[in-house]
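Common to both upcoming complexes is subunit A, partnered first by subunit B, then by subunit C.
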Partner chain A sequence: MSQLLLPGDLIKGNETSDEEISAGPGVYCDPVTQELVATHAGIEVVTETKKGHAVYVNYNSRRYIPAVGDLVVGVITGSFGDSYRVSLSNFSNPVSLSFMAFPNASKKNRPTLKVGDLCYARVCSAYKELEAEIECMDSTKGQDAGFGLLDGGMIVETTLAYARELLFNESYPLLNILGKLVEFEVAIGVNGIVWIKTDEVKTTLACYRAILACQDIPPNQFDKTIKQIFNDTLKSSD
Partner chain B sequence: MAKGIEISTSESKFILEALKQKQRLDGRTFDQFRDVDIKLGEAFGDVTVTMGKTKVHCRVSCEIAQPYEDRPFEGLFHITTETTPMAGAQFENGNNTGEEEVLISRMIEKSVRRSGALDVEGLCIVAGSKCWSLRADVHFLDCDGGLIDASCIAVMTALLHFRKPDVTVLGEKITVHPVDEREPVPLGVLHVPVCVTFSYFNPDDTEENIKGEQNSEIAIIDATLKEELLRDGVLTVTLNKNREVVQVSKAGGLPMDALSLIDCCHKAYGIVERITDQIHRTVKEDIASRNQYAHILSSENSRQN
Partner chain C sequence: MQASTQVLSHVDGSSTVLSNGTKVICSVSGPIEPKARQELPTQLSLEIIVKPAEGVQSTREKLVEDQVRAVLTPVLARYLHPRQLVQICFQVLEAGERVEYTVKEVSVCVNAAILALIDAGVPMLSMGCGTSLGILRENGQIIVNPSFEQLEQCESVHVCCLELGTDVEKNVEVRNVLLLDSVGSFSETQLFQVLEAGEKECIRLYTEMRQTAKEKVARDFIWKG
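Let's turn to the complex of A and B:
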């Protein structure tokens, strides 16, 4: 049974023990009283960690706020000096992608992304008061890790909770069902952008519609709905 | 319009490629208008029109005013269309000088007010001194394309649905009867203009469009926001059920073949006919349902007395 939290609700940690609690998204630590307060309405999630436990609120929204380590899909909107300006969601502050944050990058070896290109990247710095930064490589190993230009395909704008579910929940059936019907490439950004590409326009279109439709229905109906959408889409112009 | 909406090259290429294969993102055909849902509020002249995700609300209200000196026999009629960020963050608050905003308000103005859809002479109470001043306030609640079409439907439905209080004139004295005292009177609507917007896409390059032999331009009806952002040209035709063209507007954009423009008008007529019927039906049903209750209420009242 999960607990619904509303903004302002106190989160009761394990007060008796002096275990450390890490506060995640949707949880605010009052600087004066040191109390944990929920800032968003959603489901409370408590997970065990090495040091103690972590608590966060699983809430749905559409506006993305960058956090370090997030995998995101962005659109290049400009290039300035030695970095690209990237938009992660419409009407939000742009983030920057340095020319050096690519695999094998050097002063001479510049990346070749153009304005309007889509790229898959990881947020590497996200301070509240500063412009967030993203990178197109795994900075721990300094090598290519599937990041970079997303060529062709189509993007689907989804809510953030749905995108997280698609990316992190391995038992979420959507991608498996799609995989049985068609071969595809997919990149999921937790900023609510899902990029999908198949060999043909029609199958991509069917995937696009399937992903959008499944946002509003429970997972046990996915199978039926997706098959229906594929049938309709592939038949439509014959 | 829409500063701030970033569309990636992949997305625009995909949408155009899909159009070449006669596919649209939402699964409609090229000539398919979105289903129009018209909801009437409790007050007269309170209308909400929904087309897909697009949502427009219109409210008609009236007051007594003095007519203009050069038109002593005519009442006043104003339409305000103000876009706010509620419809989408691309609209600026209080900025009605943007290209999109001006286009919407001019189009509604041309289709409804200047086409004489409303009988303004019927708004006159005493020539030269007293008349009704009618206002139609259009509120854009949610924008997913097709704002012009939706607001035209909303304004016309609101005008058909609106009732103004009854007045009696005795010499210089005017009595406005409250609604519960005397049945309010409907407005004189002379015809019902309906706008249909076509969006044009050029699948080939500009040279092919200008010099090319065949016309391969793609025209779709009632574009969504994504399609509106990517289109190369736009045509809005306004027609009414009497098979008359009220106005045609194609302000620049992709050069179009004249015959295909005529073809568009024919296609639009089918839609206009259907929507006009829907508007009349909705208003009629609403009035009928009101009368049904009025009947029950009044008979009960008389028994108590």
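Let's turn to the complex of A and C:
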């Protein structure tokens, strides 16, 4: 079983070899003593890299902190001169989405998002002292990749670790099980917002309930639980 | 100490702690957007609110808030979230002491706050642990975590909060004294005895809190089995 780390636990650095250690999320390098210390409670993950190895703490929380490259679902809360103001989670600092950060954008060609719209985007700049920025195209790869307005559907608020699992773990069975029952579109933001859309309200609601329920149970119970939820939701008369 | 985390659903982190008749529920939201007057240019600001078991907030609760703030400020990795705010709310459910005292509430609030901060995923450089102690009037015996009745029979009462962590060899290390507050009459030797007993108790509480945090992580990653 993987190693558990709690805040205040020192992390062993290999002092004898001059191998480099990259510190990821949940690991803090003391600016004075240069010691590595864990700052969150979670599972220690050590991976080999070209230069040495990388250490990070895989922890769960509900509050999203923007980081470059993250795929997020945001709500437009305002529009200013040349950018939108977007909320990635309630009560957090808003982030900005420039009008120029859309595919085929130009000075004359303005995007048509309104206040209250949902959009799928990528975090392109995240300094802790500055307002984060998101974009509706992948500027590192060039063209649009399914970013932009999310029309209709419904959002599910989940914990961050669960959202990451849904997005990155291809062998996680939840979406496959849902796919066998109903045809749907999904957008998963690592800020803990999952957007889901099906043709009917009833099936959307069933998916919403299934995603929430599976957050608290191990994968071997998914089949039974999801079938139960679908039966209950689709049969209900009101 | 009986402790549990993830008890509230609309905040980022929460915990309840019950210890010898004193029960506190704590909620943490953050890092969130601060009001303009709370904003600190280089570091995380803290908003601490303590609600008493009976009646409304008074200067007594302000004292508890200030002591809890003194404990939490050095353990948080404040410079990781400049111009942000963490809101920590305590509701005392059972005081477990007369209004003349605050020792039990302070120590339980500290433990509850640390667990709720872990639950919320607010970065911390160490863990903090607090305990209350009393010295009996009749024989000078030190009572760790006194009950309501024992507190009445004490000449002096104390709170001891320590900063704890684990070193590379997985040994528990005490890194600092975060709070040592005493009320009543006592001698210098007695104070050292209090510190000694407090340290022992804090280390014990630390291992208990690690266990609670471990259960939280297991629940968080239920799909990893």
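Following the convention adopted for this analysis, the second predicted complex is superposed on the first by the 236 of 238 C-alpha atoms of A that agree within 3 Å, B and C clash if a C-alpha of one lies under 4 Å from a C-alpha of the other, contacts with A are read in each partner's own complex, and residues count from 1 in each chain.
Operating definition for what follows: a contact is a pair of C-beta atoms (placed from the backbone, for glycine too) under 8 Å apart; a residue touches a chain by one contact, two chains touch by 3 or more.
Here the structure is a predicted model, which means the values were calculated and not measured.
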So, after the overlay on subunit A, do subunit B and subunit C clash or fit? They fit
Worksheet item: First (subunit B), second (subunit C), both or neither: which does A:L205 touch?
Response: first
With the two complexes superposed on chain A, say which partner A:S61 touches: subunit B (first), subunit C (second), both, or neither. second
* To do: Using the superposition on chain A described above, determine whether A:I217 touches subunit B (first), subunit C (second), both, or neither.
  => second
* To do: Check whether A:G69 is in contact with subunit B, with subunit C, with both or with neither, and answer first, second, both or neither.
  => neither
*First (subunit B), second (subunit C), both or neither touched by A:L10*: second
Max touched-residue count on subunit A (subunit B vs subunit C) belongs to chain C
In the overlaid three-chain picture, which partner chain does A:T159 touch, first (subunit B) or second (subunit C), both, or neither? second
Three-chain overlay: angle at subunit A's Cα centre between subunit B and subunit C, nearest 10 degrees, stands at 50
Query = Of the two partner chains, subunit B (first) and subunit C (second), which one does A:F91 touch, if any: first, second, both, or neither?
reply = both
Go through the superposed model and pick first if A:K128 touches only subunit B, second if only subunit C, both, or neither. second
Shortest Cα gap between subunit B and subunit C in the overlay, whole Å, is 5
The shared contact residues of subunit A with subunit B and subunit C are 91
Note: in the complex, subunit C contacts subunit A through residues 12-13, 29-33, 75, 77, 80-84, 118, 120-121, 123-127, 164-168, 175, 210, 213-214, 216-217, 219-225
In their shared complex, subunit C is touched by residues of subunit A numbered 2, 4, 6-12, 26, 28, 30, 37, 39-43, 58-63, 65, 91-94, 128-129, 159, 161, 165, 172, 216-219
Residue set of subunit B touching subunit A in the complex reads 4-14, 17-18, 21-23, 25, 27, 89-90
Within the complex, subunit B is touched by subunit A residues 75, 77, 87, 90-91, 114, 116-118, 150-155, 195, 201-202, 204-205, 208-209, 232-233, 236-237
